[in-house]
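In what comes next, subunit A is part of two complexes: it sits with subunit B in the first one and with subunit C in the second one.
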Partner chain A sequence: MLRPFAYHRPTSIDELVELLSTIKDSCVLAGGTDLLVKLREGKHVPPAIIDLKRIPELGKLSREGDTLVIGALATVTELLEYPGLADEPGLDLLREAAAVFGCLEIRHRATICGNIAHASPGAEYGSCMYVLEATVVIHGPSGERTLPVAEFYKGPNWNALEQGEFLKALRVPIPPKSARSSYMRRSRVKGMDLAGLNLAMLVLNPDDPAKRQLRLAMGAVHKVPMRAPEVEAMLSGRPITAELMAEAKRALSDSINPRPSSLRASPAYKKAMVAHLAESALEKLLPRFPEEVAP
Partner chain B sequence: MKSNYIGTSAPRIDAVEKVTGEARFVADLHLPGMVHAKLVRSPHAHARIVSIDTNAARAMPGVLAVVTGADMPWWIGECVVDQRALAVDKVRYPWEGVAAVIAETEEQAILAADKIKVEYELLPAVIDVRDALKADAPLIHPDMASYHFVPNFFPEHGTNVFHHYTILEGDAKAALASADVVLEQEYEFPLLMHAQLETHGCVARQTNDGRFELYASCQSPFMIRTVLAEAFHLPRHMITVRAGYIGGGFGGKSDATIEPLTCALARFVPGRWVRFVLSREENLAASVIGRGLRGRFRVGANRDGKLVGAQIDLDLAAGAYGWTAINIVPCAGNTATGPYHFPTLEIHTRGVYTNTAPVGAYRGYGHPDSQFMMERHMDLLARALDMDPVELRLKNIYRHGEKNSLGQRIDRSFGDLEGCINAVAKELGMGTGPRPAGDPPPDARKVRGVGLACLMKAPGMATNAYESCLLKFNEDGTVHVISSFTDMGQGTHTGVRQIAADIMELPLERVYIPRVIDTDFSPYDWQTVASRSTWMQGRAIAHAWKRAKREMIETCAAVLGVEEAEIEYENGVFFVKDQPERALELEQVCHGYVHPDGHVDGGPVVVSGYFVPYQTYADPTTGQGNIASSWTFGCQGAEIEVDLRTGELTPLRIVTALDVGRVINPTLANIQVVGGVVFALGGVLSETTIHSAAGAVRNPTLTDYKVPTPEDCRDIDFPTYLLETPVPGDPVGTRCIAEHPSVAVAPALVNALSDAAGVEFYDLPLSAERVLEALTRKGGSRA
Partner chain C sequence: MTEHLINLKVNDSAVTIRVPAHRTLLELLRDVLGLTGTKEGCGNGECGACTVFLDGTPVRACLILAVEADGCEVQTIEGLSQGGLRPIQQAYAETGAVQCGFCTPGFVIAAEALLRKDPNPNDDAISAAFSGHICRCTGYTSLFEGVRLAAKKMRVGERE
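This part shows the complex of A and B:
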């Protein structure tokens, strides 16, 4: 049951910023699929909820050259159905994440920007945006500023927004057509569930081991989504042999130190599964896996 | 008896009203002047209540009353009376109610409840039943000796044991001492939540003359009336319980839960309807929960596989109050043998207080818990004997009048268990020596395996657990069949209508089954539990029809001027023997016959009927007696696939074979089997109640209490075999089936996992994480 709060529905960005600047600790509402759960728990009752949905300037989805712009009001379903997205293998991970995101009803309401702004360590789009090296567009009283997504995340449910600011859009660089990507996760049931842990992978030049660049990020293994630079380096620029993969899997497991209090997966299981998901992703994305060095 | 409708898949009579939303549930009720109740609940599992400050709450807008346990002297329970409406002096489980607010609106009640300050002094909490049994364990009910227990229950004062049920047959100790093989193993069936779609709800008021009227989402309106009458010392006619559509029960709504509290609160605002509907979290964590059994099994066998005896100790972690669990104790105990003949037995089953929510009925009522253990034990014993597990079972099942644990002699007329085992074994390619290779898993990193387990269940009932009905004939020859069982999704209303139409030889369209029960107008029904309604209601209707027919024949005889013995009945027509032209339609006499001059013979026919099977009390020392009245036997098996990299267990096929006597409605029977299997599957794969070290419930939400989703079930095949061995002396001839498909799913899957991957589980769940851990320990993981 919700405790009472004030509700505002601004119709312009200026009005929104004015409200956010004057009402301390107010919360922004877009899809509400995270916010309403939090409100219902009653632990934190914000003085005001400010609804973004009547601000026409806050866009949905658009493409600006090699950048996909995800506006504050773009829902998961809209992303999944965005024309042309299926032709960008480097963004396959966005559609794969959408396919397991909550359930159909939640996907219709939940926004991508909200998923990032909520800063949940296991959010589907957290690890995706980390590997895509997306930029967060922040709007506030002194205009716009941008941050790399990894600097936007400060901790569990804690982001870099200051009072008066809101997350206006995500700018996602579209990888070259030759890139491939995937999003994978483990959950307790096959249907609607939060990820026990997840892994996003982007491989540039996947077919040429020498030029290959691999990025991977994991969710629900740390306070914030997490890249694995050492493992990325190990798996870039050379053939991935069975031996190298075994070494990389060990290194990946060792790179995380999850808290033991999670209800969704134990530290030991997370360590085993990040390695398994990385291997499964490579199996899927590389033409040949593992790759043995030519004699 | 004819069967025009029995055996056909008549469509569900409540489908359209439920799909369209026409069906209204308790939470939909909005009665004039209705007010709202909200509780303050304990964050602690076990704590002394030092003080409760309600002053600020009383001053909040809209507040009509603020009530604490001390304001409510009433005691609640059946068999043992050990609960209060709200905690008094101390709390015994997390989420236990400590204080209540009644306000004009739900929002006002919540905001006022936020203002209540409760000071606690923590007491050591015991969640694990082994801790509760230690000599120095904190006593959860130090005053147990002062509680009222009905005869035949055996509390151990000065401990947390509120009932110790014993079964003794011969000298098990001596038999095991001379057995060729003795296998000993401990098991645990963990605590589970019911997670009904509709949460518990009750709307109650006290009228000015002191009566209680209430609407409740409950399985058993007459049991609620009983509990209320005893708690408030009221005659039965001063209490009206109304029940209608129910969005799931699974046993969780079979006993009174929130209804005594709602009525108690209604006393503080006389004349006003008080609405109390649990939130999702409250429904999961603060209502009754289920299972929670630990067992230690010692079973002896001869080299040839013949069982010689068993010593079994079972301890039920029954939670904070015992009255909803006390009858699970004998059911778990007397079926711990499984359907196998043991010449000697020593079974001790204890109900033990612990600091969790009270354990209550949970689809299966003790049977799945203890048979999980015995069916695992049979597989392990087969291995110790180097014998096929199917062969070991077939060698020991009752079939030729062998005695069960209660001393009842079981022969094939109780059902063809051998046929059930063979059906499942054949489906899975088991029991015929080495299995044919079959299709290998499509992925080499996956393994497959099969396992099966037998099951048996009888209703756990009082000896006078009546089922009754009223046949109320209407002017046009249609008939209301009025009963007081509830249909919470089993399909009983539909099946009973088919039975009634066949018993009365009337078209289905002429039989109406009201959906709403009102204890002022509806006939007595003990409880909708124990898989009993379809089985018993058919017999009650047959009894009522006998009486109704007699009354109508009396009228026919007067009208036709012949002796009553001359009148026969067929397909809605009464006629004189051998003179079919001298006939009266049922509709001409069921509401009195009007002669051409206007005078009448007979009158509106309204008759009652009842049924109760022959049962006796158990012997207090040996536990034996006719306490189980209708057994259903069966077998379940599974084929599973295990991903060696992730530990994920995927059931491919779950086979069920039950001897149900007679199938009333094939579609509904199959749905009931699949529903029962899926219900049990949740507890095997993903459902688990997580407590913190201090005893708090960590997952009282559907976000983290994971019930199976359609995606988890849609690729599973559920082959179902319903055998129909006639029930001697029963005109309808059906056996109980409702809970049974939930009984042996767990052991079948655990046995299949052992077959597939060589890892042994003695508890649940088989989550991917736990399976991978076991695989890694064994060295078989390829992660």
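This part shows the complex of A and C:
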């Protein structure tokens, strides 16, 4: 049994903002797959739940030039089935994350924006949006503002939304067709489980070591998803030889300091596994790996 | 607390009912409408026992508020077999995929949803469809066999 709360179902963004501004600590509802679990725990029951699903303006998925716009109501299943997504190798990571996200029934309800708004350190789409350098569109009483996703995350289950604001959409820059990407994770069981650790990688100009740019982000290693700028710099703009990779793996392991109280994996496991996942991702994304330096 | 008057279709019957905002769809089905075929296992969306069709899509009834189903069509295990046992139900009976039976309604809905999309699923597809369903009795082998048998029955049924 859930503890009582009020329920509102606005049909326009104006009505939603009005409700969010007047009912302090109210909570928005999209897919509900995180929220209902939280309500059931009963620790923090909001005075009101405000359902977004009858606001047609909030929309689902659309493409604006080189930007994929993920509306507040777009579910994981809808993203997985979005026409044309399979033709964008730079966004393969979004589909790979969808394939391991919860289970089929959860994916039918859970939204991408909800996954980000919940700000869980190991959320599938956290690391993905960090490497894609997505922008969060926030709507509130004084209109719209945008934030880079890395500034939206404040801590575990803590985001940058102020009273009266909600997450309206994610704007994802679509990488050039030559880019490649991958999402990998480790969980305790293969079926429905949260990630004990995840890694997202995006490689621009993968076939040309001199022009190559590599981005990687990790989830469930810190309070928020985390990029690895030093390792990214090491692995960009030059051939990735076996020696360089060994050095990069050590640097990546050293760059994280996971808390020992994690339920799903020990710090030692995460340090070793994050290096292994980075190597696996490169094996998958580069035509030759490790590379040789031309004599 | 607020109460809401909702209209929905449950197993092809129109239902108009007042529900408190904090009632889940699962509680509405089981405790108010008496449709106890849908089970509550974990109550957190993890076990799959409460799976029902909502507008034709399999979802977790424990993670949906009853008021969210306003204007929707819900089909439960009771509704699925209104016209007699479905091939998947017959197949589960034949392969011994039902032991204690608690997870069975969820596994029937999951398999039915799979077979509607993919009439000849391979083991990977079955595994994906079952990834959010837990069975503590069968060891899953007979559940997989059941889906394969149902697919065969449905193909034969089409030819006849």
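Remarks
In this text, the second predicted complex is superposed on the first by the 295 of 295 C-alpha atoms of A that agree within 3 Å, B and C clash if a C-alpha of one lies under 4 Å from a C-alpha of the other, contacts with A are read in each partner's own complex, and residues count from 1 in each chain.
One rule holds for everything that comes next: a contact is a pair of C-beta atoms (placed from the backbone, for glycine too) under 8 Å apart; a residue touches a chain by one contact, two chains touch by 3 or more.
No experiment lies behind these values; they were computed from the predicted model shown.
Contact comparison for subunit A: of subunit B and subunit C, C touches the greater number of residues. When the two complexes are overlaid on their common chain A, residue A:265 makes contact with subunit B while staying clear of subunit C. In the superposition on chain A, A:3 makes contact with both subunit B and subunit C. When the shared chain is aligned, subunit C comes close enough to touch A:105, but subunit B does not.
In the superposed pair of complexes, A:51 makes contact with subunit C only, with no contact to subunit B.
In the superposition on chain A, A:186 contacts subunit B only, with no contact to subunit C. Within the superposed three-chain model, A:38 lies out of touch with both subunit B and subunit C [touch as defined at top].
Shared interface residues of subunit A (contacting subunit B in one complex, subunit C in the other): 1, 3-4, 37, 190-192.
Across the complex, subunit B meets subunit A through its residues 106-107, 110-111, 114, 279, 645-646, 685-686, 690, 698-699, 703-704, 706-712, 767-769, 772-773, 776, 781, 783.
Remark: subunit A residues 1-7, 9, 29, 32-33, 36-37, 39-40, 49, 51, 53, 102-106, 108-109, 190-192 touch subunit C in the complex. Of all the residues in subunit A, the ones that touch subunit B in their complex are 1, 3-4, 37, 186, 188-194, 263-266, 268-269, 272-273, 275-276.
Residues 1-2, 4, 20-24, 27, 43-46, 48, 51, 57-60, 62-65, 67-68, 110, 113, 128-133 of subunit C touch subunit A in their complex.
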